[in-house]
Amino acid sequence: MADPVPIRTDAVVVENRSEGGANRRLRLQVDGWRGFGPGQFVMLSPGSRADVVRSDPLLPRPMAVYRAAPAGAGAVVEILFKVSGRGTGLLADVLPGQRVALVGPLGRSFDLPESGERAILVAGGTGIASVYELAARARANTEVSVLLGARTRDDLMGVEDFESLGVALRLATEDGSAGEQGLVTALLEAELAVDGTARVYVCGPTPMMRRCAEISAARGRPCVVSLENTMACGFGVCLGCAAPLATGGYALVCRDGPMFDAEQVAWEGLP
Amino acid sequence: MSASQAPDTRVDLAGIPLRNPVLTASGTFGYGSEFAPFLDLRRIGGFVAKSLTLKPRFGNPPPRISEAPSGMLNAISLENVGVDAFIDEKLPVIPDGVTVIASLFETEIAGYAAVAERLSEEPRIAGLEVNASCPHVKSGGIEFGQNPKVLAELVRSVRRATSRPLLVKLSPNVTDIGEMARVCEAEGADGISLINAVQGLEVDPETRRPVLSNVLGGLSGPAIRPIALRMVWQASRAVTLPICGIGGIATAADAIKFLLCGATAVQVGTANYLDPAVAGEIVDGIEDYLKRHGIERVSDLVGALEIPPDRRS
Amino acid sequence: MSASQAPDTRVDLAGIPLRNPVLTASGTFGYGSEFAPFLDLRRIGGFVAKSLTLKPRFGNPPPRISEAPSGMLNAISLENVGVDAFIDEKLPVIPDGVTVIASLFETEIAGYAAVAERLSEEPRIAGLEVNASCPHVKSGGIEFGQNPKVLAELVRSVRRATSRPLLVKLSPNVTDIGEMARVCEAEGADGISLINAVQGLEVDPETRRPVLSNVLGGLSGPAIRPIALRMVWQASRAVTLPICGIGGIATAADAIKFLLCGATAVQVGTANYLDPAVAGEIVDGIEDYLKRHGIERVSDLVGALEIPPDRRS
Amino acid sequence: MADPVPIRTDAVVVENRSEGGANRRLRLQVDGWRGFGPGQFVMLSPGSRADVVRSDPLLPRPMAVYRAAPAGAGAVVEILFKVSGRGTGLLADVLPGQRVALVGPLGRSFDLPESGERAILVAGGTGIASVYELAARARANTEVSVLLGARTRDDLMGVEDFESLGVALRLATEDGSAGEQGLVTALLEAELAVDGTARVYVCGPTPMMRRCAEISAARGRPCVVSLENTMACGFGVCLGCAAPLATGGYALVCRDGPMFDAEQVAWEGLP
């Protein structure tokens, strides 16, 4: 199914609350929303809120669509984000009723696993937000394992939502404050030690994705990674988000991705 | 003018008739069709496509962009699909009635002329814009538009290669923009576009490295608007060529400032990234302004800046 | 270096010993004592006083300033108390131990030399900074710093007039900052400061007039920082003279970027208006950075930008 | 008495509420506050809030100190302001607990009227905020008349505060929605028709101040005006706020003013 045509609108904040640690959950009423595919993202412009226009910080911020539910003349779109800089700092401040410029959904969506093929979703830090919808949709016709990792318990996002999905969920934190102590890549190694077909989906910090790609390749399992590059436009016109390809040249993360087969990526060329 | 009558927004830019003075800038509008979901391309005056070279090019390794105060830095370099793919694949999907200006650049003058010739065969293209902000390989990294002699040679040879409306897009990284404008006029350009991005540098103090893989990049966005307005004003006093004003335009008010400073039309750049429908809103806003001020023709605004008598040097 | 040991923040700028590399910029720090309520002047490396002319001057009519995206425009022009009042009234109230650099400008070269001579008699002044961003009356409004011949003549005659440490503050409104830096080096300057404000223009679309009474103004603040960093880096590759980096510095991270690009010291300008204690906080922040990175001497950062091997052209 | 030495600090928002129309009342906890004189002002930087630093809008905004009351390690400083652009728009958004950079108090204060000399305070629009403290202090030893004007009722500020001061208060609005219909300058004319000494203090839009100056001069009464120029620093170093003097040259509104004897001002040279 083709991904829906993106829109550009002023979304209205419905809720903006702490999700523990530096993480927040933002719920936006987006009129005219036409649906989205798992792994797609939106561009949000907290720096130029519609009521007080300002130009610093200038660029919109890419944020995965965590999930969405029909509401009013569109949908309530949910974003899970981590406050990590100026743009997300401003986003943490927006109040219910205020507006945030939104463009999306953008990017390709994940190809769902084939029926019967086991899906292993590995996500670290804010990458967790990119895989929830994939888990939700894939579990309809496949067995889904979700492996979430973070530095510490507070950095994990949406754990309860994954729990209520009823997927097999395992957690890892570097300090052991939630789930197993260690890296989520260790969980992947354990999962892949079990026989059978499995497709691996990964979103998280670059070193983590690269390691997951290696682990999957060693087991001969297909691995899809969702890259995070700095973006200016999000829809393929600034050419700013180029990711180097193993075959030479570049792909645009926003248009050709954000997900790529792991072997397509020239890891050593990523910033 | 009666309040109900729609003002006349048409302008003629260097022999290119435009339904209104709002174009979008090269490198910020892709090949046009990317904006179709957000904007009726017939609503705006037209667009300038991403600069083309003879052969497709890959561009720089990442990071290619970086945020800056009220702006951004980019070092995309020459990445584009090449002139043939543009004509064969990109142009045909542009709806009729949309004005397309093709932008071109190369690293040597002969290359420019070749691209210009190829583009001139294409009736669907309304005009050419020569991007003179590319480093001139023979001058060791100095941009074509930074040296009046090199610029003259460039304009002369592209002028010979095409009889189509020819705009030259100037580099802002110069001492005297008026001098560069005069060179374009003398060599037969039909108009000038300014400004391209301002050369800048950003550093990551933690890694102690430049943020961009290319070290230097081009600063664009609202940060450069006062510089762009100044240069448009200076160029408009140096030549009679029509000027297309570019730099940090994000609202109708911004566009009007450029018209007042002497621009016949404007191009919206970086703002397209933040809001892909912004160019249409700028058109609306200009119409509102004209109605509100009882101005019949948008062209009445061009160069209408009122300078205090004691400052008219 | 042990974590507890304070890093060595001293630098020598063109023969002026500074306790740390954080100065404040001319025209943004008054005559120094205005900041006494907010900042211990001995905490910073020193300050550059408002540019002086031989006689007191009034400056431009209002409006003289205007806000710009991440910046401001100013057209204060020559307003200052004059060199005599500075020496007789302003200098004596500056506490001992505060490093004072005097800035000077005039509209003709002879005037510069006369001010430089007068200032050189004053032992309390640690060095001179020649502001070359003033319009040269004889060149019809072009700034002294925009023409290499005029700049050479200016530096030569001020050099003859003083044996004190001599900084030349360059205009950014040029094609090739490296060329201007070389002129200063050739004519015997001890160092260069860059950049001064970038020429800009702002328009009020409602009145259709320029916002500033002077039409043109100087753009300063964070908006110009990427341009300033680029020029400091280019100048540092063109000359061996010490460089004082200026432009949009508001935090310790900003200052460190300039040091990495080759500046021996920096000047904080517009940021002083928003926060009159900011220069002290920048000093603190640099010390923290040095400690955090285990760097013993701030001078180890100067020019330490790591350029990727394939970009070291 | 000399004006207190200014401080520079991050003030903490105590309250930020609507005052009717586009007007708001901002209450700031300012630790280290050393007092202020009537007519002095502070520079507030809503564009660069301490928690999320941003550089657009860049310049701080001058705001009269409406009044202040000792609290905690300093005072609660009250500001009445009108949302009229980007800086004041951001100021309207700051929430209790958030910080706003503050420098002040700045400028000279009004000379209080001499004992027995009647004080007539004329203020229009946001200028009202500049004269409250003068009214409060002057009424201790003089008869004080306060004349407030605005376009419409909603544009008036602090009327109830003036009422509780117990000064003679008269209002004028252009649309007659509060007080008399017409300009506040008409009220001044009526007040000055009464015999006796009187000193006139004016703060408001330039044309209003100029007219008040003429009315006062015609009656031979001293008139003090408080000018509003664009400012970058507020403490005499940028030289941006120059106001032309009748005797030639310029005064700095932030350092030499904001109040000036009306005849000092070269009105035709004001922007």
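Descriptive notes on the structure:
Every chain is named by a letter (A, B, C and D) in the order it is written, and numbering of its residues begins at 1.
By definition in this document, contacts are C-beta pairs under 8 Å (C-beta built on N, C-alpha and C of every residue); 3 or more make two chains touch, one makes a residue touch a chain.
As the structure is a computational prediction, the values presented were derived from the model and not from experiment.
Shared contacts of subunit B and subunit D, meaning chains that touch the two of them, come down to A, C. Between the chain pairs A-C and C-D, more C-beta pairs are in contact across C-D. Subunit A and subunit C have centres, each the mean of its CA atoms, that are 46 Å apart.
One finds 51 Å separating the Cα centroids of subunit A and subunit D. Put simply, the C-alpha centre of subunit B and that of subunit C have 33 angstrom between them.
Between the Cα centres of subunit C and subunit D there is a gap of 35 Å.
Counting only residues that touch two or more partner chains, subunit D has 53, 55-57. Multi-chain contact residues of subunit B (touching two or more other chains) are listed as 68-71, 213, 221-223.
With chains as nodes and touching pairs as edges, the resulting graph is complete, every pair of chains being joined.
Interface residues of subunit B facing subunit C in the complex, by the touch rule stated above, are 68-71, 73, 141-142, 146, 173-176, 198-203, 205, 207-210, 213-217, 219, 221-227, 229-230, 233, 248, 253, 256-257, 260-261, 289, 304-308, 311, 313. Considering their complex, residues 27-30, 34-35, 37-38, 50, 58-72, 74, 76, 79, 213, 221-223, 250-251, 270, 272-277 of subunit C touch subunit D.
Taken in their complex, subunit A has these residues touching subunit C: 55-56. If you check the complex, the residues on subunit D that touch subunit A are 47, 51-57, 86, 89-90, 93, 95. Note for the complex: subunit D touches subunit C at residues 5-8, 45, 48, 53, 55-60, 101, 103, 229-244, 248-250, 269-271.
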